[in-house]
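The letters A, B, C and D name the chains in turn, as written, and every chain counts its residues from 1.
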Amino acid sequence: MHIPAVYDVNLSIVSPELALGLVGVLVLILDLFLRDEEARWLVVPSIAGVVLSGVYAAGLWGQAATAFHGAVVVDPFSLGFDFLFLTVILLTLLLSLRLPKLSSGHFALLLWAGTGMMLLAAASSLMTLFLGVELLSISLYLLVALAPGNAAAGEAALKYFILGAFATGFLLLGIAFLYGSTGAVTLFGIQKALSGGALNLPHAFTFLKVGLALFLVGLGFKLALVPFQVWVPDVYQGAPTPITAFMSVGTKAAAFAALLRSLYGIIPPGGWIPALTVLAVATLLVGSLLILRQTNLKRLLAYSGIVNAGYLLVALVSFGLVPAAYYLAAYTFMNLGAFAGIAALSKDAEEGAELPAYRGLAYRRPWLGASLAFLFLSLASIPPTGGFTGKFLILLSAVASNHAYLAVILVAATAISLFAYLRVVVALFTPAEEAGLAPRPLPAGAVVVVGIGVLGVLATGILPHLFLIPISSMTHLFTISPVP
Amino acid sequence: MNTNLTYYLVLGICLFAVGTAGVLVRKNPLVMFMSVELMWNAVNLIFLAFSRYLADAAGQVFVFLVITVAAAEVATGLGIIVVVFRRRRSLDADRLSALKE
Amino acid sequence: MILFGILALLALVFAVFMVATRNAVHSALFLIGNFVILAILYITLGAEFLGLAQILVYAGAVMVLFLFVIAYLSAGTEASETGPALAWQLPLGIAAGVLSLGLLLWGTLGAVLTPTAAPPHFGSLAFLGRALFTTYLFPFEITAFLLLAALVGVVVLVRDER
Amino acid sequence: MLQHSWVILLLPLVGTAVISILGRYLSKLATSLVACGVVGLAFLGTVAAAVQLEGLPPRLQAVQEVLFRWIVSGPLHISFGLLVDPISLLFMLVITGVGFLIHVYSVGYMGEDKNFRLYFAYLNLFIFTMLLLVMANNFLWLLVGWGGVGLASYLLIGFWYERPSAVAAAIKAFVMNVIGDVGIFLAIFLIYLSFHSVSYNRVFHLAYTHPAAAGVMTAITLLLLLGAVAKSAQLPLHTWLFDAMEGPTPVSALIHAATMVTAGVYLVARCYPLYHLSPTGATAVAVVGGASALLAATIGTAQTDIKRALAASTMSQIGYMIMAVGLGMYAAGLFHFLTHAFFKALLFMAAGNIIHALGGEQDLRKMGGLAKRLPVTYWSFLAGTLAISGIPGFSGFFSKDELLGQTLNRGHVVLWAVGVAAAFLTAFYMFRMFFLAFSGSYRGEVHPHGEAPRVMLVPTVILAVLAVVGGYLVLPGVWDLIGNFLAPAFSHWHGGAGAVGNPHHVNWLSMGISVLLALAGFGVAYQVYHRRAWQPAPWPFLSQLLYRKYYFDELYDAVFVRPAVRLGAVFGAVADRLVIDGGVMGLARGVRTLGNGLVFLQSGYVRRYALTIALGAAAILAYYVFWA
């Protein structure tokens, strides 16, 4: 069939997203033929979908092109993030088996949320960005809520939903003003307008500033930057643990990718570096001060996610693309591993995240206890873990770009939050009388994820160049591809 | 219609601000949600004003997408509200604060 | 101009009443009123189809859904005394609204945006349709996934909770 | 062996892995064999490497072996490799050699413990991380080892986790060490920024060819000193060492006497080119060392717990070493490290024998008259006491004399005086301990068992022999084997001149005075504690001051903890929740109070959250509208 150029259709460019989304539909249809208790078998086609999407993404490796009139782009940057998301989805799928009751639709929603993440990394138009945010968010609202009889999950879902929709309002208004000042919704169009003197009109410049401010608010919410982080602890604590794990890494990485692509090379650095620097400082300090008092592990990891958003932001303002991507990779392993540990140990993946319950675990379940301790040491950035290496790289990039004070604050935040993580490690090695929290047999899926997390943290810590080679090629080719 | 489109902008901003305040001062989650809807619609108005000013289709398409997404959001949000509040007497967002420091 | 003034005033009044009234049903009705006015304003901006869609989707479907849920949860009135009081929330909320209003208006007020000559059929169904199915085909297709996700999720959510 | 030094490094790790993976299938005997075997093999490998290295021309006595590239990204190029040179070899010999003896000793000491295998897994892990620390060829992997020994030490201090005091001590040690780690991390960071490398070779080379600003060098050396101070329990981060005595006694012998706590000495010696470039840093090192030596010696005179008294002694002796390396007398400092490893490990083992015999009793006041019941221990402890007190003919005499003599030769009269005063106190408190434990009549309640099993006695005796003869490696005026061995390591870069003293330049004055004072210390202790001719502790205030270790814990409480708490109260926090305990743990707690002040952000109410978001958005908007 001949497609006229006016359509600019190139499905191969979106094949990874399409594959994942359509397998989601397929899983939904298969769901109709299964009884409720058989629903967990849908993990198999879901994993197949992830693999298929990965195969498509691998097939695209090395390309840099746009399609659909600049709505989406494929380049090593988007593909690299695709691989990250697919890893996250895969691990979450395994972890989901731990849920007491798997609602039908769970797997499909997970795959669609993943599609939304991939769209965010590939979005080269504010429309795609908006839709990616919404596809991801709506799926997540529902995934958080899909925990029958769990009041905490309900509360978390409602808070997440209302605040999410509220923040999206700001994002939308920001996009509207960006559109009003530049007359474009594609990133390329915006860049062209900004470099082509579209801002000569005084109001256009004001609109741009307002638009940028609100745009940062909207994405700052998803990234959990202070002061838009307020929802994070409650939602992470209340949501089913596998979903929390998924959110903590996936949403953050996706929002980060989208933010990065919309700023680098599009908006002059002077327009966003000061604001994001202040946000980075606030995020690092508030996050690390509040993490100290946490006794619920999920909540603790929520604050950890906030501090980590601060690290990512430091990398962003110091143009440390490689460090940021590297850190995200390491963070994926340590965070998902830690959440998997929590999910493995709690009775039904909903409860049992309180610290005292973990006392003496290292004696009762030495392997699991030691693994958890190791993952938390990585979060605490003790060498030679991936958490250390990643932070080291970010620190270097911060200093190299003359943000020495940011580096100092980063170190301070790390030192402060260290104690929070160490408390967990200490608890694991503190003897306890009652033997709580050690189900036998341990759930296989969660244990596998813990294992992958530990191996990943080790690999990112000891053999960083294994990851740095693909990552640097991914960032070398990061371009804003023009509309054909 | 040769109006200065700034008036539309101003109206949109006012409605947005009213919506913002609505989310903050009301505690019925349904009304909070309605206020969010008001915010989104205010943005739509602004989009259309810009679209008209630029004589560009993108703004209109965006509004179309926002309306669609809003419909999906409403379905989701109302579903969640129904599930959360089905067994409660009063619809009060302040009562939902078991998760906190 | 006068038409705009009246409509704008009405829209604002409806919006403020929506927020201010204690009765959720009234709120919903005020919001419907606001949406209808907005639809008219859309049309004055040349977005005929969107104006119609606004009435059909928002005033017609979405708000009916709202009313239905209000009735279902029998959440007509908001009991102001229930629940713990949040200190300073009301004045702070209003202040935040006013603050964002002022900040957004700053600089916007001075702008003079005169509409450029619009292409023929600007805002018509055909115009929008062509845009949607050519340049903006991809975003349009994504909405399909989005609606599907919301639909499926809500059905499962409400069913499982029973 | 020299080309395959990674085998030495990995052997203990293999031991850890085998014991922790196969632990439940291994008998106690098999566990002991594996744990001691890997360390023994590592020792043999180290000896072989040392022999090989000695055969090389001095110029080539620094063998590097790159194991793998760690980060290679753009300009960033960090690989992991091993460096075997005389400095690292000396440490490796002690770590594996003394480590082996202590492993064997532990088989007896920990024989009845229910977590016998876990203990050896930890102990092997410690040996691995300690070897990593001294064998790494760059700063970053030094830090990995540095953190690793801290972790192993933490695990072993808190090994008897049923005791709350042990867990608290472990945490305190870890926290204080983390402060040091942060110091080293920042130092490495500055080093990287200044020289774009973290490898010793390159950094030391560039430090001369492309010198950094003097201020930067001072900062680097002071930050490294911070790390050294924390790890080596020097002023002012020394308080953890006393509490660390909660760990099993062999652990105290190995980690908190012979090896880990001397890592600070290693660090300064290793970085001698940097300290040469920063006289301020070097002076700071020497002053900290001297002050710690004297202060700890006074603390040692008032301790009633035998292990805590020995801990004070360790701090004091390491103070000597730190002072020596700070003054550029590297060979003397490292020589003292060697003899100290012998006699202090010996003393701890002997103390362990006593504790073993008394069923866990550590209070000196409840000992006495043990000479007849524990003859081997008695003679061993005596050997150790004579050695540490600097009685001529025993190892400590040679190393301490070398150290003090050189100090005086170089004209550091004050530090020399401090060192000599500490030597007097050392002799006093060591003989005090000796007499309290072994002379007079038994004052305890429990009926003492007899001598410890042979598996514990044999290592004790071997160390006793070493403590006696170890000093003859350096015979004043005749030969200087240690200096000859180490000299090549200090010839690679600038700053090594004077590291090795002139063996023919003996300062008889210093030697005479310190021997006289050592004998005086013995005499006073003899009068007070053996003959009971004088009444002990005539000044209650002073003895209390010393017993409380100059109130450092209390001081930290007042300086760091309480102001932080007050600051936190300003932030509207709940100060009464803060139970105040001593030490740096309180600092963390103070910071946490600050965090409590931010709790208002997380009220749990959606509307409040929305308000926060709206205000945040307004702030960003305001910034953009008015200032951008």
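Here is the rule we use: a residue touches a chain if its C-beta (ideal position, glycine included) is under 8 Å from a C-beta of that chain, and two chains touch if they have at least 3 such contacts.
Please read all numbers here as calculations on a predicted model, not as lab measurements.
Colleague: Could you tell me which pair, B-C or A-B, is linked by more C-beta pairs in contact?
Modeller: B-C
Colleague: Report the chain ID whose CA centroid sits closest to the centroid of the full protein CA set.
Modeller: Of all chains shown, the one whose C-alpha centroid lies nearest the global centroid is A.
Colleague: Going by the average position of its CA atoms, which chain sits the greatest distance from chain D?
Modeller: That would be chain C.
Colleague: Could you state the distance in Å from the CA-based centre of chain A to that of chain B?
Modeller: Comparing mean C-alpha positions, chain B is 26 Å from chain A.
Colleague: Provide the C-alpha centroid distance between chain B and chain C, rounded to the nearest whole angstrom.
Modeller: 5
Colleague: Could you grab the centroid distance between chain A and chain C? Build each centroid from C-alpha atoms only and quote it in angstrom.
Modeller: Roughly 30 Å separates the two chain centres.
Colleague: For chain B and chain D, let me know how many angstrom lie between their CA-based centres, rounded off.
Modeller: That pair's centroid distance is 64 Å.
Colleague: Considering chain C alone, which of its residues make contact with at least two other chains?
Modeller: Only 86, 89, 92-93, 96-97, 100, 104, 106-108, 111-113, 135-136, 139, 143, 146, 149-150, 153-154, 157, 161 qualify.
Colleague: So which stretches of chain B touch two or more other chains?
Modeller: Those would be 16, 19-20, 23-27, 29, 32-33, 49, 53-54, 58, 61, 65, 69, 72-73, 76, 79-81, 83, 93-94, 96-101.
Colleague: Hunt down the residues of chain D that sit against at least two other chains at once, touch-wise.
Modeller: Only 599, 602-608, 610-611, 614-615, 617, 621, 625 qualify.
Colleague: Please classify the inter-chain touch graph. Allowed labels: line, ring, star, complete, other.
Modeller: Topology of the interface graph: complete, with all chain pairs in contact.
Colleague: Please name which positions on chain B make contact with chain A in the complex.
Modeller: Residue positions touching the partner: 16, 19-20, 23, 29, 32-33, 36, 39-40, 42-43, 46-47, 49-50, 53-54, 56, 58-59, 61-62, 65-66, 69, 72-73, 76-77, 79-81, 83-84, 93, 96-101.
Colleague: Using the touch rule from the top, collect the residues of chain B that touch chain D in their complex.
Modeller: 20, 23-27, 29, 32, 93-94, 96-101
Colleague: Provide the residue numbers of chain D that touch chain B in the complex, in ascending order.
Modeller: Its residues touching chain B are 599, 602-607, 610-611, 614.
Colleague: Spell out the part of chain A that touches chain B in their complex, as residue ranges.
Modeller: Touch list, chain A to chain B: 127, 130-131, 134, 138, 141-142, 145, 151-152, 154-159, 161-162, 165-166, 168-169, 172-173, 175-177, 179-180, 183-185, 233-235, 237-238, 290, 293.
Colleague: Note which residues of chain C are touching chain B in the complex, please.
Modeller: 1, 4, 8, 11-12, 15-16, 18-19, 24, 27-28, 31, 34-35, 38, 41-42, 44-47, 50, 53-54, 57-58, 61-62, 65-66, 69-70, 72-73, 75, 78-79, 82-84, 86, 89-90, 92-94, 96-98, 100-101, 104-105, 108-109, 111-119, 122-123, 127-128, 131-132, 135-136, 139-140, 143, 146-147, 149-151, 153-154, 157-158, 161
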